[in-house]
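Sharing a structure with you now.
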């Protein structure tokens, strides 16, 4: 289904663009409505036929991936869900990919959130991914959810010296001292990697400024596309890598599929799926820019 | 004379609000102003809404072109008004939230207002494409820079950028399209944004002073009515 | 039937409550047990902070208090102190509530949750995990309102310098000194654009943005309208101005009317030139798009505050073959106007436009004043960059001091 | 047909009606436009009425415990706005306008000066010596770009000679900024379209799940 759609759409769009190119070279004006038709097709066909393209992780995403990949088994990875439902479509694919990757590498995963709205999203992730896809992982031994505490940067200020000053128990009400995964864990400084997902406040930037940088703890992040340009300046020194928007999520997913082709053969990849129409649309826009320039140079030559 | 009083009001209010920043007891005057403005805006709406009704009833009564659509506009306006003022179909009583779930007001918002607005907004996807086809042409050096910056960023947003420049060795990794795109966003782009923002700030200061000092008075209209 | 159902439900509720009660008493038991267990392990209780001072924060409306303390002697970086807890009580009440917890090594905190003119006492305890030292108490403190915010002295002086230079050049111009102002392409094009509408016999469309009069960009748009309307009145061209805000409607009418009166043809003016559409962003855009394709204006002006609609308007205007002149101080929308319009006034140029078009010496003087402001900004950046670079590279004493000074100069405390 | 299905169909019809404008102006679009203008004007009047007049004025001044008097200032100014309806005293409507202009000028002047000028200047004070070549080059670009960009905005000096050259570089930076922001925004604009198509194909036609 997908491949037929791919062939049809490529054929259609490709031939159409070539036709437009010929028109342009002949110096004819291209009706803007033709451009609209192409964009319409480029966006709707991949949506209907679920066409996607394999992404290639860019360095800034690869740095996050191979950090998690190369940590020794059993390393401690903290995932902070700093977002709410409105940002979820863009960043949830990232957090899901992080969870899958970290648990596959048998890292110990510590869930928390600085946003109150993140609590239910952590719970969903644990129910729908951890419990379903990793049934052998045990709550309290392989992963733990310590939930939400109000205070934003204040929380970070405290847990960088002591978790227990802020969190007496995990979300199930069990004292942290009785949770095996917290044996020997005092503060954020005992973590091997901090990952914050979410681009609002508090978010990746606060994790860098109040936890990662002062504690010298490796920090990575994922955020919505609008906030990415504000975070790039921290890369690569304070922020070891960043997933920006749905594109970043798609790159991570494809890297995951490349490295673990068997394990994640059936993994849902919402990021890659959402990038399908985007990629095609971007290619069409770029093709139009190229055709526009050819048309421009051809007509200019003719005038001379 | 009819201009002197307004100019004095502008001067006094402007100076007071500029200085209020420096005096803690009155530092929230700006917030009070926005409250006043909100109330003034309601009164002004009677003029605007009145104008809307007048324009369309005029069209209907004179049977001008498309007068049928004017009837629809007025009809929509009145139905929405009634739905909101009398809280029609509202599950609660008159003190309930005007946009409570199930109220006619909310249903009209969900079924009509929202899809119309969202679709109008989404037309941008098409216009972005047609604008880039027309505008991004290497006509001169300025336009070429615009074109190249846009093209690099666009390329960086697709897998193509990575596939095409993967071969570039690590020591020149800045030239890989994704890195180049990040660099453009954080360096030249940032510089341009800053220049624009500082310029805007000075423009606003100068414009505000012209208004407060009454050098600029076009908006106050005419003396001789 | 219903009643029995409800009874059964009630019964369930009672069961549930009893059950919960049992469970909770069990947990209490369990907790006391844990505490008992912990008693057997060695507990380290850190020494109290040395001294605590609480002072009214300067300068505010009596809304905050600054607390400083000397670190506990055990807070030596070895981890024996895990933080400090700040407590507060109204004076003579001895009813301490916890305000916040800060990390070890920190010895200051600003409590922003106090009430004006209520006397408080603060207590600080050093923490080690769940255990805490006795509190060290402060003297009573009374948050108070200060008249002048001396923290903003830097803002006051820089502002005075820039506003002063604008005012100076406005005043200077009064004495009739001619000032050079460079050409601004977008403004030079206005006459040409209006002339085109005259030739073609088609209307001019003027959009003052979609914000209300409480946005200075809208005011800038209206002042440019004043100049445009003069030419329009002279040539007797049709001007069409759909607006999204009622106050903008009344102001624009006043402005156009003035232009027609000035041109000596008050009877040619009509209120119908400006009409209100709707406050809704995209509803307004839908209507303006309709007006464009039906009336096919020869010239479109977009001057004011714009959001996502910028490109929708500019592309539709382009499709009907209009000459388009845009201007906005919304940095996010400038790229779209630059791409789709013939001329774009970029940020500051929008605010300079009315002064430029008026050609009055006083107004042009203000532009010169603006330039002085820009020069000062550039000088500050240059000085700052030099000092911070030298301070980083070679150290010394003067440049780090200068760096610190520049940093302070441009930092707004509050 | 239940009400939700009716709502979905209504929304779908409106979606298609607006999209049809891309082809050309037509009766379908005119209908959507007329409805949109009417209901949205009504929507905003209602919102103004309840949020502004009712909550910010009426309930404030009639508060049984602590009645406020300041909202009356807004009320009086608003009432003056309506004098425009009467020819003889219409000039009084300039008073609230003068008030709005003065207050806007005052508030914006300080707001822009702090957030746009002071903060941006201090953010541009960056060290050229950072310990790494790439860091130094990036900072240099930011400083030079901001500098030249500001030179472009100079009004009272002719863009000639070295000054003109700097202004030219300033324009290049501005163009790079515009191109980059444009390119970066394309994706979010496309996702708006995706949202509508998702509604049409998924919720309305049920073609995708």
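Note that the chains take the letters A, B, C and D in the order they are written out, and that residue 1 is the start of every chain.
Here is the rule we use: a residue touches a chain if its C-beta (ideal position, glycine included) is under 8 Å from a C-beta of that chain, and two chains touch if they have at least 3 such contacts.
In this text the structure is predicted, and so the values were computed from the model without any measurement.
Using CA-based centroids throughout, the chain positioned farthest away from subunit B is A. More C-beta pairs in contact connect the chains of B-C than those of the other pair, out of A-D and B-C. Computed from the mean C-alpha positions, the centre of subunit A lies at a distance of 29 Å from the centre of subunit D.
Subunit B and subunit C have CA centres that are 15 Å apart.
Taking each chain's centre as the mean of its C-alpha atoms, subunit A lies 30 Å from subunit B. One inter-chain figure worth recording: subunit B and subunit D are separated by 2 Å, centre to centre, where each centre is the mean of the chain's CA atoms.
Across the assembly, subunit C contributes residues 155, 162, 214, 216, 219, 247, 250-251, 254, 277-280, 282-283, 286, 331, 334, 336, 338-339, 346-349, 352, 367, 370, 373-374, 377 that each touch 2 or more other chains. Multi-chain contact residues of subunit D, defined as those touching 2 or more other chains: 18, 21-22, 30, 32-33, 36-37, 40-41, 43-44, 81, 84, 94, 97, 100-101, 103, 105, 108, 110, 112-113, 117, 121, 124, 143, 146-147, 150, 153, 174-175, 177-179, 181-182, 184-187, 190, 193.
Subunit A has residues 32, 36, 39, 43, 229, 247, 278, 281-282, 285 in contact with two or more other chains. The touch graph of the protein chains shown is complete. Listing the residues of subunit A that touch subunit D in their complex gives 33, 36, 39, 43-44, 47-48, 50, 225-226, 229, 245-247, 274, 277-278, 281-282, 285. Chain contact summary for the complex, subunit A toward subunit C: residues 32, 154, 157-158, 160-162, 164-166, 168, 173, 175, 186.
Those residues of subunit A whose C-beta lies close enough to touch subunit B in the complex are 30, 32, 35-36, 38-40, 43, 53-60, 229, 232-233, 235, 247, 278-279, 281-286, 288-289, 291-293, 296-297.
Touching subunit C in their complex are the following residues of subunit B: 21-25, 27, 34, 37, 40-41, 44-49, 51-52, 55, 113, 116-117, 120-121, 123-124, 127-128, 130-132, 134-136, 146, 193, 196-200, 202-211, 213, 215-216, 218-222, 224. Taken together, the subunit D residues at the contact with subunit A in this complex read 22-23, 184, 186-188, 190-191, 193-194, 197-198, 201, 207-208.
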